[in-house]
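Chain naming follows the written order as A, B, C, D and E, and within any one chain the residues start at number 1.
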């Protein structure tokens, strides 16, 4: 049996003062090849959690293990789509997508460009390769960031609301694409999303977070059969799981008023 | 009878070459006090259209009239929430929200701060007044931008996906808040959104756009009674309108494959 | 991320490297001075002794210091109040930029002291011409960095402020100024130390007072230790100005965490 | 937004203001020169005539020009290859910043030529010391702007690259360099023109060639028109360097639309 | 070539000014082969006086051109340089005024504004003139004008300036100004610029020094004997001079030649200087507080090589 892809051991985080932690005692583990979604109110610390897993933010206490090793920054098998896309403004779209492959340094320039072009096609961005980020629409930037994360050979994908700026149809299409890629390659995916339907549709498991301080309210296994199809979205079973998550979220939300 | 709040007269836009316009012959009008949503695929030109209405982007052809006057930039009665929040990084959250009132120059500093604090409370951001934007989560930045747009006395509100980074519950809460404000003040609202449910729930009318080139596919009046309640979302009538819009969008989307 | 220091001397960790650097410098100087004749490179002790004599004789080092300080400061101020508007107008009107850049650059590359006769006629032997030379040399880095800073303004923020009905004035004070401050301060620091050099060069070509004159006088008297006193005073002056600007930088940009001295 | 110019002389709109500025300058100069003795302010015609004489006699203006050009360029290059690493290490290690800033600033405020004997002993009578002085004066703006540019790097982009497994080297070349280029180029422009001044100042204090020497010679010989020829050549040299840097700027930053000359 | 048994000795001489007709003896010595005859390969180095003087004292440079007063000042600061032979037998600074100002003699300077570089030789000159005339310094206004004597005077920014007798007056007259001068040599009897070397060189290379002095004296004599030809040789070294400047420099040259000889040198030979003048001058500088101690005359000036 392989080690879990991600183990978060009782992690707390306090940006400013230890008395008002942003995240409190987060404990979770993601199996290899699993797709886990994180949902929770705005500002509860989802992005911070992802940044800690990615190794660029130090937990105030607790520790994180990736594929059995102490986590570090710059893990070749880890890919990240930040919440605000973050393309390099001085690079064209194509060059932005090439970046992870350039950094990996194990492919020649021509293969890199070919792969990048394929990744751009995957997210429906063929034709804008030579534009600069400032010439893109919000959704296009987000898709470019997604293409950049997909282009490498990452074994773990951390996605921070990668579809937030996309219309429903593009979103559906990319959801299916993501599921297909995961089925094909068996990569591990952690996805932060605000769309509960999306969370249920994509995930093996949904982690529901609450706020003040940010903490895990509960984990819900989604036993829907795989491969998932868009048709499932209408079914009562689907609605059941959406409802369960909504209820859990609302508990956490209710909390807030007491503070 | 008052003049329409916004009239867009056969507007086309080409960023680079007139042969490949980004927007083609956009013609629409928004009545005073109306709430109109714009939905459409990513990159079809929704943000560009909003920027033209706001007066900071010149149409390549056609013209735009605001409240019966030729549009210009810097219309006191016009407020804008850009797609990427755009808070001033050197100002605290509170000072960012104060900005429109400072610019209007018709209130004293104390009133300004009071109003700003109220607006922040409205979007659930009390307590982070003195943080800088980089210390906020994505959703918090978006809410701050919304507070900034609501703080003034604008008669026209242009919202470019103002809720994209928010969780469902916060989103619902702010949706209701927006409807309440509109009912109270009778302001005109143009909202770009990717959430068709949201579009139907909030709007008097939904404008559906297609792409390549960006154009209007159709307008759908939403005759649901007002005031709207969250309960309506489940109703068959609601689903009907959602379906209508989806069908229209898919027509436009189908187009794309032919290209 | 930034854990607060618990030390009761919060600035100690900043002062220590400075002190260490200074001590190292004096040590190296001392060692080097053994290699050369004292009239080429006097030892720190010899310079200190000369300083003692200077003080004992009530000689006007302080007066020279303050005069140069004043000239540099006045020149710098003049440069700032002319350079900032200029960089702004050059930024707003590329035409002006193209029209004036050749002159600004050209003047920069010209040794102003070579025009001493003209300066004397136009501004006399007083400190006016020194202030002017200080202003001229401080001018270019301020204009350049001002322009670069302004050009780096985020166009999306500008658009937003325009939509909010911001006047040009508002956009200037609420957007362009804060956004270009970090780059501008770089230019101010360069300009400030250059203005010291400018004042000194002005004094070199005829002054009767100021540290530049003192150095010149010491050179005329082959008084190498006094030359070094003058140079050290000048370095101190430059450093003082730099420090003041660093403080101003921290005051004007509270949103930046500063690590530097 | 940027409509393409249809003109068949695409750079005409840039050249016209430059020409206009030049013409205006010469006109003002001509008017001013009527007010003063030719040995104080010669007229443009007198300077032109002197230039003709210089050429007729096969006199070595070009040689002086190229020597100063070489010194300035070599000094600038030296400044760049020392200042850039330094600003990088100061950026990476705030301790180094605190340790070295006082010296960098101090040296800046000191007229190096006052230490000429030491320079000669260390670097000989040749052009080495001129190159060194040029490098010293060009150094500071490059370090400062390099540091400011680096400090402006978006920390979110840095995080992202770190996650991607970028090495320090990668982050430097793929993030820090392109992101600080606009500010750095400002510093390079200032440094470049200062290096011309530096070379000239070095020549002033001892040389048998170069434009600084020529100007000095002309001063001694009471040859005001020749002084002006020297100054014009220096201004031209500074402008040439500036132009080259502006071109490089456009080449290295294709993602920026440039409006300037 | 069998006659070239040894390499010529490479020596550097610090000229302490820009290339100028006043350095004629050395240009002539080079052109006429006087240096070659002595087996010297001379390099002219042009840099500021203090720098050259310090370099000579440190043994980094072989010779330099410096004034007698500078040698006294340097020795006062323990800078070991020694005067070998004079070029200017008379101390050349003078106070220059427009004739219309009515300044004719030191007493006329009372209450006037006098412009000069307020350090070094010029300062010494005005102090000496005032001192000898018994005029307290507080009776005049000394203004530091750097080296802008000519425009300062013509634009009437000052009433008089201190310059060099062979330079500013010539140029002013050439520009059509009528000027008067009060010469410092009447008050201060010391020699002007001449050849100096360092104590170190005096210990180790007496041979070279002798050769250098010989060649220089030859150059001086040749220049005095053939002024026109010598001037042409100078112009060869001054390619940047225009025709107007050449005319001007010719006058400067002619005026300079007059200062190369004094009654004393006429009696004792070119390049010599009066030990008594050295003593008197040193005493005067002591009295005026310009130096702090007396240097033995044999350290100030070495006559060995003129014999």
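To be clear about the criterion, contacts are C-beta pairs under 8 Å (C-beta built on N, C-alpha and C of every residue); 3 or more make two chains touch, one makes a residue touch a chain.
In this text, all values refer to a predicted model and were calculated from it rather than measured experimentally.
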Labels of chains that are neighbours to chain D and to chain E: C
Given chain A and chain C, the chains that contact each of them: B, D
Chain B-chain C separation of Cα centroids, rounded to whole Å: 49
Gap in Å, rounded to a whole number, between the CA centres of chain B and chain A: 27
Distance between chain centroids, defined by C-alpha means - chain A, chain E (Å): 84
Shared-contact residues (touching 2 or more other chains) in chain B: 15, 84
Numbers and ranges of chain E residues touching at least 2 other chains: 48, 50, 54, 58, 147, 150-151, 155
Of all residues in chain D, the ones touching two or more other chains: 40, 117, 121, 219
Parts of chain D lying in touch with chain A, wherever the complex brings them together: 156-157, 159-167, 170, 174-175, 178-179, 253, 255
Residues on chain D engaged by chain E in the complex (per definition of touch): 37, 39-40, 50, 53-54, 57, 59-60, 116-117, 120-121, 125, 205-208, 213-214, 216-223, 225-226
Touch list for chain E against partner chain D, complex: 12, 17-20, 44-48, 50-51, 54-55, 58, 60, 147, 150-151, 154-155, 171, 175, 238-245, 248-249
Contact set on chain A toward chain D in their complex: 51, 54-56, 73-76, 78-80, 82, 84, 86, 88-91, 99-100, 102-104, 132
Of chain E, residues touching chain C in the complex: 48, 50, 53-54, 57-58, 70, 73-74, 76-79, 115, 117-120, 123, 142-148, 150-152, 155, 157
